[in-house]
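Shared between the two complexes below is chain A, which has chain B as its partner in the first and chain C in the second.
Presenting the complex of A and B:
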């Protein structure tokens, strides 16, 4: 009995020796970190958050969606420690600090059976304005075009409109969709449709037997590679934004997110890592 | 039962206790409704103050980011889909209930009944998915783009068919036995019994079933969102895409800020008004009941 008690004491002492440094390290980082904003970034931020939590057991990372505009608003009002914004900051948002986590491209997609090889910017604009109504006009089959647009508020829509210099009220769509997945399903089910979605989800679907095709922009093939090297024109940065210079937990999290330790997570979400 | 009546001079303490609890719970239930209404109005107010009610019906289109807030297309879309679905589902549902109760052999009737019950249990997103991968491509071949008012009407009709059928069946089941005995005594044919006695006698019950189904139709969101195309326009044919009030909220709520967000609450308020109208209609239809 006495012996076993002594062993127990010894074990406890050893445990302290081995784990004390670890616990004191973890004690430096504790608390809850709230990220809100872009629904594009949310899954990635959640994955990074999980890995960050496993490194620092006393930290909780809470990721919420609501769109890039919410990311900006929440970071500004201090409702979130970090806002997530899937576009470059607007001129009136320069009061915030941004850290580019990765890049995302927007790909124009059509059905795989569509013989169209490429479309010029003018043609895309005319199609979306309803001035070109038939694929025949741009060298395709004699079939009416089904134009797919995104619902208001999505940053994909904002990026698309800004790039082509359009206003949403000028677009004459036949279908309005919510998320990327719905857009891909709609195009896959309609041989005459044209739409636009995040390049990561488009490339994933196109290589996984879903009958869609990504069109090149200005001669640059729509691919993750070309977004990474900056040649693909229709792309956007995925930003973490803060109101003040990040300190403590927020700084640790941002440093970790910008490191190459999360490249595999970024690639798994079909985004493009840019930080060395 | 009788003791709790207010005419009794000295109700027992148990009854008082029970009455108190019932009061509390019914108050709570109505309070929740009141809070929802308050929440809707409170969140709609900013935009109503800011731009007034008329803009929701007179603006040129629905483009909230460009401060255009016309809700009429969504209102028309919701009502058209509801009416279309009712026109399809009401006759089908009532006829299937008649078949089930008066014509089908017992075995088939029981089987058929459980089939209808199963139909009512399928989640709406499954109907939506079926619509998107099967129905929409079919319509698309006839008249593109396929995502259309018609697709919405068909899928919604399928979804409310069980509601109509089950309530109609319950109405028939509640008819007094004497009607049937009298009809048998007069040796009326089954067809005469049906058209001259059963249908007139269950008129109000059938009307209630249709109105309740309409309530379900107007509130449906997920399936409609997937198959109707969601274009905020007044449709010019069955093949035009439409957006309903519910889809409008579901599509844009996650991303809406400021007046845009408020305007979506106005959509919700409009939906409440429609539902309120339907419920009071159902109430009035129920009052005319022969057997109630």
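Presenting the complex of A and C:
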């Protein structure tokens, strides 16, 4: 009995000796993972990619930008292993699988010198439709309103339109911008402007001497904290999307991205971690 | 007496009106010149003033961290250099060849030469994003090069070719006809004429083309974001994606909250890089010129 157990141990040991190199070779991740899509997610995905590369030296994670629509298209056509989409998937995109990495809120911003404290949803809709043209109408100074809108293909625009029940063709913008920082700079440089950008970027700028102000939505102050606790209404998920059930390298990367090991990276990009 | 004659208004106009017109136009010309100079001075001093503090040896030799807010730009400089090298290595020979064909081999009024010239002019006016999308479709997808330094360099080569060819061609046109006739009278072969007579004289045009080409290439964002890409680690081969300096500046200033400081410093580095390349190019050109003529 004792002998047979020893043989068993020996067999197991031999098995390990023979198969361990092979199994460890198979288990060692290697290869290239391509992510394309949202310009909002790109810096975060690149940071997660770098940390992932440092854990798996034979892996390369390439992150490319171009907008959420591109993330969806590339994931579908197989040009990217993982698409990055900074909004919830639309009904006609349900063929893709999505994994929520973190959350981001969209804040309405005005210049710091603007005396407006809050705007109702109706007022914001009327301003963006061009029906209210002067700050005086909503209790501000007698100044014309400069409406800033985002360019097509950006998920902030889609989230904004969906939340306020607007169509892009109904909006009468004076300025059309691309990325978040551009929106912040435009508002900071124009005391009569109104725009909407990612809360993370807006909160960072507002606390770093950029003259902008974040307006509350339905009485809830626009802050990263309120996005985290779910009370802020205008928020969006940051998603990784795939065409098929992720396997191998893609699965490992997605699992790692959804773990709490990247919370510090998410917070450093001014987003809100949601996965425990 | 003569001096007074020259400065006095010509007869036929009202003296006062003409005086005002003359002084006024002089004023407008000066104003224009001052405006242009002041504007570029303001731009350069803004970049130097805001970027100088961050410029250090460490900035040039470290990798970017925290999405570029911290760390340096070393891999980005490497990628920029590689993309630029591919672009110039591919476009310079083709550009030189086409320019020689256009100015020396085809007749000025030939249909064929006219077609090439017209298509080059059309290409020179095409927005860079169109080149970017073309490069993405052709080099990245059809040829299967993916997001890579090679795709980016080749896309840029397509983009700078028109400028390169047209200014090189102008350089060749600057060669006096007497020199060409003299060369054939002496029985020099076409190749010898090209190397000993034409090229040395055409060098300023070549340099101008090169400098304009490099300038356009190194400042390019739209054509590269979809071809050489966004990856900011050291490229390990021609087929790796690598972020160039202009895209890094664009991303830091337009997409990264708090990336402003490093955006300015990177812009300063780009400015210095362009000046260095221009200086080196004209230095080499002048040496070649001296050697060629004597």
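Side notes on the structure shown:
Everything below uses one rule, namely that the second predicted complex is superposed on the first by the 249 of 276 C-alpha atoms of A that agree within 3 Å, B and C clash if a C-alpha of one lies under 4 Å from a C-alpha of the other, contacts with A are read in each partner's own complex, and residues count from 1 in each chain.
Rule of thumb we're sticking to: a contact is a pair of C-beta atoms (placed from the backbone, for glycine too) under 8 Å apart; a residue touches a chain by one contact, two chains touch by 3 or more.
If you're wondering where the values come from, they're calculated on a predicted model, not measured in any experiment.
Of the two partner chains, chain B is the only one that A:167 touches; chain C does not reach it. Once the two complexes are laid over each other on the shared chain, residue contacts for A:55 go to neither chain B nor chain C.
Of the two partner chains placed by the overlay, only chain B lies in contact with A:175; chain C stays clear of it. In the superposition on chain A, A:190 contacts chain B only, with no contact to chain C.
Contacts of A:39 after superposition on the shared chain: both chain B and chain C are touched. Once chain A of one complex is fitted onto chain A of the other, the partner contacts of A:66 extend to both chain B and chain C.
Of the two partner chains placed by superposition, only chain B is touched by A:146; chain C is not.
Taken together, the two structures place residues 39, 65-66, 178, 182 of chain A in contact with chain B in one case and with chain C in the other. Residues 34, 39-40, 42-44, 46-47, 50, 53, 60, 62-66, 79, 178-182, 184, 200-201, 204-205, 208, 268-270 of chain A are the ones that touch chain C when the two sit in their complex. The touching residues of chain A, when paired with chain B in their complex, are 39, 65-67, 69-70, 73, 143-144, 146, 151-154, 167-169, 173-178, 182, 185-186, 189-190, 192-193.
Those residues of chain C that touch chain A in the complex are listed here as 66-68, 141, 146-147, 225-226, 229-233, 240-241, 251, 253-259. Across the interface of their complex, chain A is touched by residues 61, 63-66, 68, 132-133, 136-137, 140, 144-147, 225-226, 229-232, 241, 243, 250-252, 254-257, 260 of chain B.
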